[in-house]
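Labels run A, B, C and D following the written order; every chain starts at residue 1.
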Amino acid sequence: MTNAQISLIQIDNYGPWTTTPEPRREVDLQTLQSRLYADISQLVGNREGYAFFARFDNLITVTNGLNRDAHKLIQESVGNRYPVTASISIGTGPSPVEALGTASEQLQDAGSAQDSERTEILSGTPVSEADRTEMDLQIAHFDVNDATSKYTDKLNEFDTFINIEQGYAELMQYMRRAHDSLSFFVGGDNVIAVCSGMRESDYRDTIKHVNETVDVELKVGVGRAATAQQAGMGAKHELERCRENGSVVEIGW
Amino acid sequence: MTNAQISLIQIDNYGPWTTTPEPRREVDLQTLQSRLYADISQLVGNREGYAFFARFDNLITVTNGLNRDAHKLIQESVGNRYPVTASISIGTGPSPVEALGTASEQLQDAGSAQDSERTEILSGTPVSEADRTEMDLQIAHFDVNDATSKYTDKLNEFDTFINIEQGYAELMQYMRRAHDSLSFFVGGDNVIAVCSGMRESDYRDTIKHVNETVDVELKVGVGRAATAQQAGMGAKHELERCRENGSVVEIGW
Amino acid sequence: MTNAQISLIQIDNYGPWTTTPEPRREVDLQTLQSRLYADISQLVGNREGYAFFARFDNLITVTNGLNRDAHKLIQESVGNRYPVTASISIGTGPSPVEALGTASEQLQDAGSAQDSERTEILSGTPVSEADRTEMDLQIAHFDVNDATSKYTDKLNEFDTFINIEQGYAELMQYMRRAHDSLSFFVGGDNVIAVCSGMRESDYRDTIKHVNETVDVELKVGVGRAATAQQAGMGAKHELERCRENGSVVEIGW
Amino acid sequence: MTNAQISLIQIDNYGPWTTTPEPRREVDLQTLQSRLYADISQLVGNREGYAFFARFDNLITVTNGLNRDAHKLIQESVGNRYPVTASISIGTGPSPVEALGTASEQLQDAGSAQDSERTEILSGTPVSEADRTEMDLQIAHFDVNDATSKYTDKLNEFDTFINIEQGYAELMQYMRRAHDSLSFFVGGDNVIAVCSGMRESDYRDTIKHVNETVDVELKVGVGRAATAQQAGMGAKHELERCRENGSVVEIGW
């Protein structure tokens, strides 16, 4: 079991905004979205959290250690610097999926993502300081074996992208269905997953499944800690051990 | 037939850099990558091109109208403002896939993506001004029907994400295999494709295939012009017509 | 008396870098400098500090409440995302000038700003938590009376700029010499000062001096708190009171 | 004589926005302002123009070579990505001061900078392509002799700042009054001036005046070209020659 705190950050009424009064230039939308993600990444990340871009208009963030005020400040900072506003919903639970489920429901209960009246919602309750432990988060960092030599240096870059993408699509589904875990592509050939209490055999099973289904070979390092930053850095170091040892799974505890 | 100019922008030796001398904080990597993408989006986009983040360390850009000097300036601007450098390879061809194939090969011929000696390559030749026409690019803008009411407002956000992602994964593969076209997720429920000379029936066929395979319903607007910005803006207006008319495919010519 | 903690953030060996191997494009230098400032503003600001751009390659920041680890993270974040690195020196003292004096000396003792071997210095000791009080910082927010109607809407914009700039140049000197306080232009017609223990009569004297010397009319709101953000927000509210009451000095305690 | 094209970019109704409904956090204002400047620097700069932050809410830009559409795109890009909008006024004239005078008047005629109804004005006419020459702009790049050894490595950083600032304040006034030229501090110990047709003796006279008045020693390189980027890069190279030759003024033609 883990004790995940997942905050859903949703740009308010974003779809309609992008085409009102007429479609806005794509270059500006892409710039806005990626800058907003970079800012949230910094705002969350410098408090030891992790932010994932996901669909860009709905960012999924791991916020163990951020209290309600920290969330409020993020919301205010977005409102002060962007032409759009954001709603934030904080969910907690023994697995990341349950935590995000709670966060999603709270926001849905407040109104539609495209309701122009529903703006800057801030809902949910963080894990209390008293309930936090060094085991609250389990983070896994996957990458693709020999991606550069097998794909990047050989194939049309789009075909490389397809391979990485199919690996990710299969991994994200399997991890969610079989292990209540949330996996995010983070660039290159890397995927970071916020996991429920998975054991080494669960990771081996997952890697085998992806290999058999879409022929993409993964390896993974796993860390555990009170915050995403610490658990994630642990996972990175374990992944380095995979590289050194030629192993497929390394667990940091 | 089209006359696509596709430039591959590859961060030099990025993988090793992210873990040297030891793994760098994920928040900084995510910020660097998304800011770099935002900058390239502006640099390319304000010359009427389109930039897609793809894998973030390998960006695929549509650069019809950008000459070699414009590419050189992008390369210089990255080198002046980031701790990493970028190589750029320009490919052209009757289909986007062929253009990107050429671009990829030129870079691969120059050395590995993880060769620390291979930096700031600039290769390839843009389409000459004399050969450019108003028909050089065909761009399609897809979105998912009723994504907000069917997914965002109902499901756990990760399950919404899975639905959108599976739709995209199937679309990107099919468009590439069956139609030599490059499709990119651009946030929310939107996918933009740089197409070869596809006809209305090809789009209907593609949408049907995705619907039957992964049960995601798409619609699409299509534009054609000398630059990505113009073709893409045409596609957006056609997509608006789909919304107004309840149609599935609208072609802007 | 106050208990200021001032951190000097100096880009390492920046001058030589801007012209090596030959002069870099000014647009990129300006972009780098202003983005670096924006990032440091966020990194410091979201921990309740204030960052001033000053000369851009030497940023002066008010960091009461930021411990050594927070400074280290800022340094690491800059190093991970920019082509340059930064040294940071933390000074404390009963007046801002003394605090900055200490910070400056520590950095100078470590080597020249243009010594290519002196990089990523982190020196100095923050105020201990036990010694912090609600009176540690006094912040004043000045603006120019009727700047829009008297200048912006009437003069050539450069002449407006000259007026504001002369007012600032006089204010910064006088506040430093007469009151050991550090004043920074922050855009528009606004100046924010980190003050030693100044009384209402000191502010009246300062405003009178600037008016008589360069004929620029100022007003000021002043706040006091444990952090720059709280003292500064207090000052802003007091300045609003000046606007409402037509007063010249408002003190928030 | 020169043929300057100066565009004034003014954030619409910015002052009131910063305090409505109540004062916004300074960290967010500073971030917004410096990011907006960085973006405009890129948008103008990558078309060979120069942008100066000036008062941050009123940016002065040198736009020879940018037509009306390029200005419109800048305006649209700001509107699409910021919570504020911008008005832009293009002025031309034989000296930079006259050009900016025209630009300022056009904007003032359209309404007050704090008129909430006056938004996104775009006025003025660029220099026609037919009238452009290789002599249209003269740009001077000043720096302070031995600033690092005389100030940065010796003084309290604020006292260094005061010295640089006093030098700049005197230079900006004298250049404007005596030579119809616009000078901008650009960080470190650097000032860039957009000049009218100044001769070598004018520069010597200016440097002497500043030295005698505020005891700051300057040197300067000067370039001339059709665009700010080219003239400015010429000036930088001339300034390098000053460093090599120990000279005070170098003129690049």
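Observations on the structure shown:
Keep in mind that, in the parts below, contacts are C-beta pairs under 8 Å (C-beta built on N, C-alpha and C of every residue); 3 or more make two chains touch, one makes a residue touch a chain.
Just so it is clear, the model here is predicted, and its values are computed rather than measured.
Farthest chain from chain C (centres taken as the mean of C-alpha atoms): B. The pair with more inter-chain C-beta contacts, choosing from A-B and A-C, is A-B. Computed centre separation for the pair chain A/chain B is 22 angstrom, with centres defined by C-alpha atoms.
Centroids built from CA atoms put chain D at 43 Å from chain A.
One simple way to say how far apart two chains are is to compare their mean CA positions; for chain A and chain C this gives 36 Å.
Along chain C, residues 25, 27-29, 31, 35, 42, 46, 77 each make contact with two or more other chains. Only residues 39, 42-43, 46, 73, 77 of chain B touch chain D when the two sit together in their complex. Put simply, chain C touches chain D in their complex at residues 8, 14-15, 18-19, 22-23, 25-31, 33-35, 37-38, 41-42, 44-46, 50-51, 53-58, 60, 97, 100-101, 103-104, 108, 112-114, 148-149, 152-162, 164-166, 169, 172-173, 176, 182, 186-189, 192, 229, 232-233, 236-237, 239-240. Here chain C touches chain B in the complex through residues 24-25, 27-29, 31-32, 35, 76-77, 79-83, going by the rule given at the top.
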